[in-house]
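Next up, some structures in structure tokens.
Next come two complexes, and both contain subunit A; in the first it sits with subunit B, in the second with subunit C.
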Partner chain A sequence: MKLLDKIFKFNGGIQAETKKDISTKKTIKSLPIPSEIRLPLRQHIGKMAKLRVKVGDQVLKGELIAEADGNISAAIHAPTSGKIKSIEKLLIPHPSGLPDFCVTLIPDNNDKWVKKFPIDWKNISLKETNKLLLNSGIVGLGGAAFPSHLKLGTNRNSPIKTLIINAAECEPYITCDDMLMRERGKDLIEGIELVQSLLGAEETIIGIEDNKLEAFKIISSLIEKKPNIYIKVVPTIYPSGDAKRLIFLINGIKIPKEKRSSEYGIQMFNVATIVAIFRFIQYGEPSLSRIVTITGNIKEPRNYEVLFGTPLRSLVKDAGGQKIKNNTFLMGGPMMGFTLPSIDVSVTKTMNCVISAEPEMIQVTEEPLPCIRCSKCAEACPVSLQPQELFWFSKSDQFEKAQNYNLFDCIECGCCSYVCPSNIPLVQFYRYAKSEIISQSIAAEEADIARERNDFRILRLDREKKERAERNAQRKAENTNTDKLKLIEEKRAEIAAAMDRIKNEKNI
Partner chain B sequence: MINQQSPFIKKAPSVTWIMMLVMLGLVPGTLACVFFFGIGILLNLTIAIITALIFEYFILKIRNLPIKLFITDGSAIVAASLLAISIPSIAPWWIIVIGTFFTIIVAKHLYGGLGSNLFNPAMIGYAVLLISFPAVMTKWPLPASHLLDFNLAQQIQIFVYGTKDVIDSVSSATPLDYIKTQILLNRPYEVNFTKGMPINSYFNASIIISLSFLIGGIFMWIKKIITWHLPITFLISLALISSIFWLVDSTRYLSPFIHLFSGGTLLCAFFIITDPVSGPTTPKGKIFFAFGVALLVYLIRVFGGYPEGIAFAVILMNICVPLIDSLTQPKVFGHE
Partner chain C sequence: MLTSILIILFLAVIIGLVLGFSSVQFKVEGDPIIEKIDSILPQTQCGQCSYPGCKPYATAIAKGDADINQCPPGGEKGVRALAELMGVEYKPLNESHGISKPKAIAFIDEDTCIGCTLCIQACPVDAILGAAKQMHTIIEKECTGCELCLPPCPVDCITMEPIEENAENWKWKYPVYSIAVSEKKVNN
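And now, the complex of A and B:
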């Protein structure tokens, strides 16, 4: 074990009240099996999982309900044994607030496991291991929900040198990773060793914020005799847990927006993801549950081990309900989270934290003042953007300029809004500008296609018109010719007849 | 607007709070000015603030903007105060009113109001007054003379009726003005800071006033309302530029010491050029801007037609702000 001291500080960031001690006083509790489980088929980045069951099917715990559809997708398993009740569109915990396909399962409370298949990864090829991981259902549990088998995949140009474990957990309130490290440190370290050898990495660095002393002590003692695992304490400055910010803090490498860390020989996993991978490979247990922090305006804030698909309502009920009733819950942290559309949504793979909204979080905020260009936002921006300029361009729909000022490098961390004296919801303006630009470019593409089509149509119509005109002209010409000839002939005939008559008369 | 999107927490001083801290920062300097130049400074301040609020009220009404929201932001009070402090203590009331009119109505609201003004409003008001009424604007009483020979009644009389017959005996040109004239006329001038100068000499008064503004400035820096970039660059640049000239010919050019501690140098460094709205926003831009102001201040003071060049220097550099900002964009994370 070695303590690395050198820290590379990124620009700005904020030091908000962490409010983490609210939910770390009690140990992780397993939430009992709920009376109904509703599993969204899309809990990850990528394609929706392909359904493998039908209504009325009996499933066992850990049985495949939906398999990964292609490579960028993740499987869904039954979190407990029971019967499939229905497959329909229900509200899911997503910022859009739109319903999506869910499988409803009625548990039989036997919690009977399907046959587990631990992976003998040391004796099979990496490719085979990876193939098995495709149906583990494991995604990045830090919140990104990127399918993990892709990160462990062999399809890489550059070898991975360093495995970085994201244990920063920089958002206020959230403590699920903290508690996991405190209580399941052993699984974590074994998982790290496993993933490190799967990746072929030389070393592992655990990045942890300096506000998690207890977790730090436990992990430090566990890696004392591990020569290739280091722990690095980073300052509690939000957003230190953002992947690229954490890599910079640890290694001093600034990875641009459009690049992946693997191109720099670095791969990063969240602590919870590591434990999930470990449990899948060691015990053959797919991703069925996660640790969720429930905190904020709630009677008994703590961390729960919750089966995916459990209705949020059960979780809230077990935690004693809201202190002040307002029926508003945030998913994720207060800096980047969003309000849940309903208390009836279910816990998913990305739900690391549920904050029962404090009244001041959702109160009607004061009217924003104009920007006074104090540049506090620029001082706080961890990406070194100029938020005041981006705001100006977004507000006045100068999207091209906004892009020139690197709007798309914005990670929407919210630091600028947090420090703005004029109370301007800056991040909302950037989201608006981004979505406008994206929809404009789609519209432009469609317009291009439409224009091409239209040009072709005009060309075709022109050509047809011309052809028709030519044909008409020809016909007309032909017609007139024949008519004239006819006329002339008729006249000639008449003349001839007249002449004949005259001749005949003379002859008489 | 309902805050339904992240972030759900925030911790920022309000604009009103920032403006209040700026006013607090102005307190030591103002008190020093009152001590040396009389209660007239306070009269100026009071009238400036009152008229500024009245102007602000009416223009907000005309522009159909929410009056309570904008009148409580404190920006009008700060702009009016900065203007008032720059005006001689023996100026009549209408000078203040005209200056405030240009500060609030013309420089601030005709350009779009809070956050949109291109030019520093207080400096526009000051420049208009300096050009229109040079005689009044360059006549200050001898420092601390009010302690000796005029009372409050007399001050108010000056304030209402002007200085005509009252105090020609106690008013004079500012030191920068005096020295400039002496140098132009090739006459010797006396500046001695260390020996035998009474407390009421211009220079010692100037030094104490400057240090009081410095204290206020440091207060604002500690409170994180301003960063070091603008004031420090401005002061260092002015010191460097004046040192170069002074070292070349110390008989024709004043020492950097006099430049730093005369006129409104310190007031300018911490309170005038730090106006966020009309100034640059990037760290590098702030350095260029402050250097530009320092250079122009020096050139106007030494070679220009006015004894003090801060207002013009600031306004001229305000013009360059959009260019400076666009040329000094910091490197975005991962773009180097």
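And now, the complex of A and C:
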């Protein structure tokens, strides 16, 4: 083991109260199988999974419910055995609060597994392993939900030199990765070795914040004899867990805008994702559950191992319910998370933490005041942007200017809003501007298609008109030449015959 | 005297050659201003502007025959963009050309459709699929929501369905500050 000494400090960031000890006092508990499971078909980045079951079907634990639709998508499996009750639009844990397609499963409580297929990855090609991973349902469990098979894919130009394990867990309150390292360190290390050889990386560096002493001790002792796995302690400064920030902290490499870390020979995975990949390859178990922190205004805060699709209500109930009843829950951390539309949503792959809202989290104590141009936000911005300029441009719908000030580099970490003395909800303005710009560019694409189709239609109509005119002209020409003359002669002959008849009749 | 005349003549010949060459070599096909205007227009091809499509309207604006506020699907944002491009004052949408409304997509009630092909002939972007005495249907992705298929339908089986907000096309809203807090202050 080697402890790498040098830490490259990024600009800005904040040091907030971590509040992590609330939920680390108890061990991870497995939540019992709930009476109903509601699985949203969209739990990942990319296309919605393609349904593979119908109402009334009996499914086993680990059976495919929906498969990945294309490459940028992820599969969804039955978290336990049971019967499909319905497929309908239900509330999902999404900031929009809008319903989306969900599969409802009634568990039979037998928890009977489908036949598992561990992957003999050492004896098959990387491509085949990757193909199998496509339907593992594993996505980035740190919260981004990016399909993991894409990160493990062979489709890249530069070889991966360094595998970085994101164990920073920088947001306050969240402790699911911390507890995972404490209790499942062995699985994690085996998973790291597996992913390292899958990627062909030379070394692995685990990046961990200095507030997770216990997890650090456990992981350090586990990697003592591993020559290529190192652990690097980074200071507790939010947002050190952001991918590009952590890479800089560890390696001092700044990944430029619109570039991926893999182009610099670095690939990063969250600790929970590594364990999920390990369980899939070693035991053939697809992604069925995750560790969720439930904390804040709750009677028994702790970490739970929860099956995907479990109603949040059962989780809250098992944790003793809210201390002060307000029925408000936040998903994710207090910095980047959002208020859940209702308690009637289910646990998904992105749900790393549920914070039962403290009364002061909902009550707005001070209303926002005008910007006083103090530039505190610029000092706090970990991406070195000019948040105050971005705020002015977003507020006045000057999207082009906002883009020129690199709006899309913003990671929405919320440091600017946190330090703002005027309490301006800065990040909300950036999110608004970003989604406006995205929808405008989609509209522009659609307009281009419409223009092309209209141009083609005009061209087609012109061509048809011309062809018709040509055909008519041709027919006309043919008629005058032969048929018409013949017709005229026939008619003349008939007339002459008639005249003759009349003459003959007169003569008689 | 003679040298100066010769120099001027020489220069005139050289510049003439350069200008002549570049006018052939760098000739601009089409009118760039029309293209620019056309790229702002929403390409609904609805004809509400009283021109047969977006391109003819763009041509008319460029010529100065049409005003910039005749495009209801483009809405206020479209008029503002056109005003900026043309260097003229913004003016509100001319309501005699229709009002701006959220985008909708045509939907054919397949039980009522008699397969007359009249809507197919009316569609400016060929977004309707069907044949004589066969049921017709809208290609949802291609429909611009121009409503030109509605009047020709003899059995009124086409309706406009507004695009619903769902988890995929949902947008973050413009932040609105809490009003409750302000009210409290007033009461105090």
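Everything below uses one rule, namely that the second predicted complex is superposed on the first by the 437 of 508 C-alpha atoms of A that agree within 3 Å, B and C clash if a C-alpha of one lies under 4 Å from a C-alpha of the other, contacts with A are read in each partner's own complex, and residues count from 1 in each chain.
One rule holds for everything that comes next: contacts are C-beta pairs under 8 Å (C-beta built on N, C-alpha and C of every residue); 3 or more make two chains touch, one makes a residue touch a chain.
Note that this is a predicted model, so its numbers are computed, not measured.
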| item | value |
| --- | --- |
| Partner chain(s) touched by A:S439 [first = subunit B, second = subunit C, both, neither] | second |
| Partner chain(s) touched by A:P256 [first = subunit B, second = subunit C, both, neither] | first |
| Which of subunit B and subunit C A:S35 touches, first, second, both or neither | neither |
| Touched partner set for A:N11, first subunit B, second subunit C, both or neither | first |
| Partner, of subunit C and subunit B, that touches more residues belonging to subunit A | B |
| Which superposed partner A:P368 touches (first subunit B, second subunit C, both, neither) | both |
| Touched partner set for A:P425, first subunit B, second subunit C, both or neither | both |
| Contacts of A:R453 with subunit B and subunit C, given as first, second, both or neither | second |
| Contact residues of subunit A, present in both the subunit B and the subunit C interface | 364, 367-368, 425, 428, 431 |
| In the complex, subunit A residues that touch subunit B | 10-11, 16, 172, 244, 248, 254-257, 259, 330, 332, 334-339, 355, 357, 361-365, 367-376, 378-379, 382-386, 388-389, 405-406, 409, 412, 414, 417-423, 425, 427-428, 431 |
| Residues of subunit A touching subunit C in the complex | 42, 48, 92, 94-96, 98-100, 364, 366-368, 425, 428-429, 431-432, 434-436, 439, 443, 446-451, 453-458 |
| Of all residues in subunit B, those that touch subunit A in their complex | 1-15, 17-18, 66, 69-70, 73, 75, 113-116, 227, 276-277, 279, 281-282, 325, 329-336 |
| Subunit A-touching residues of subunit C, taken from the complex the two chains share | 38, 41-45, 53-55, 124-127, 142, 144, 165-175, 177-178, 180-182, 185 |
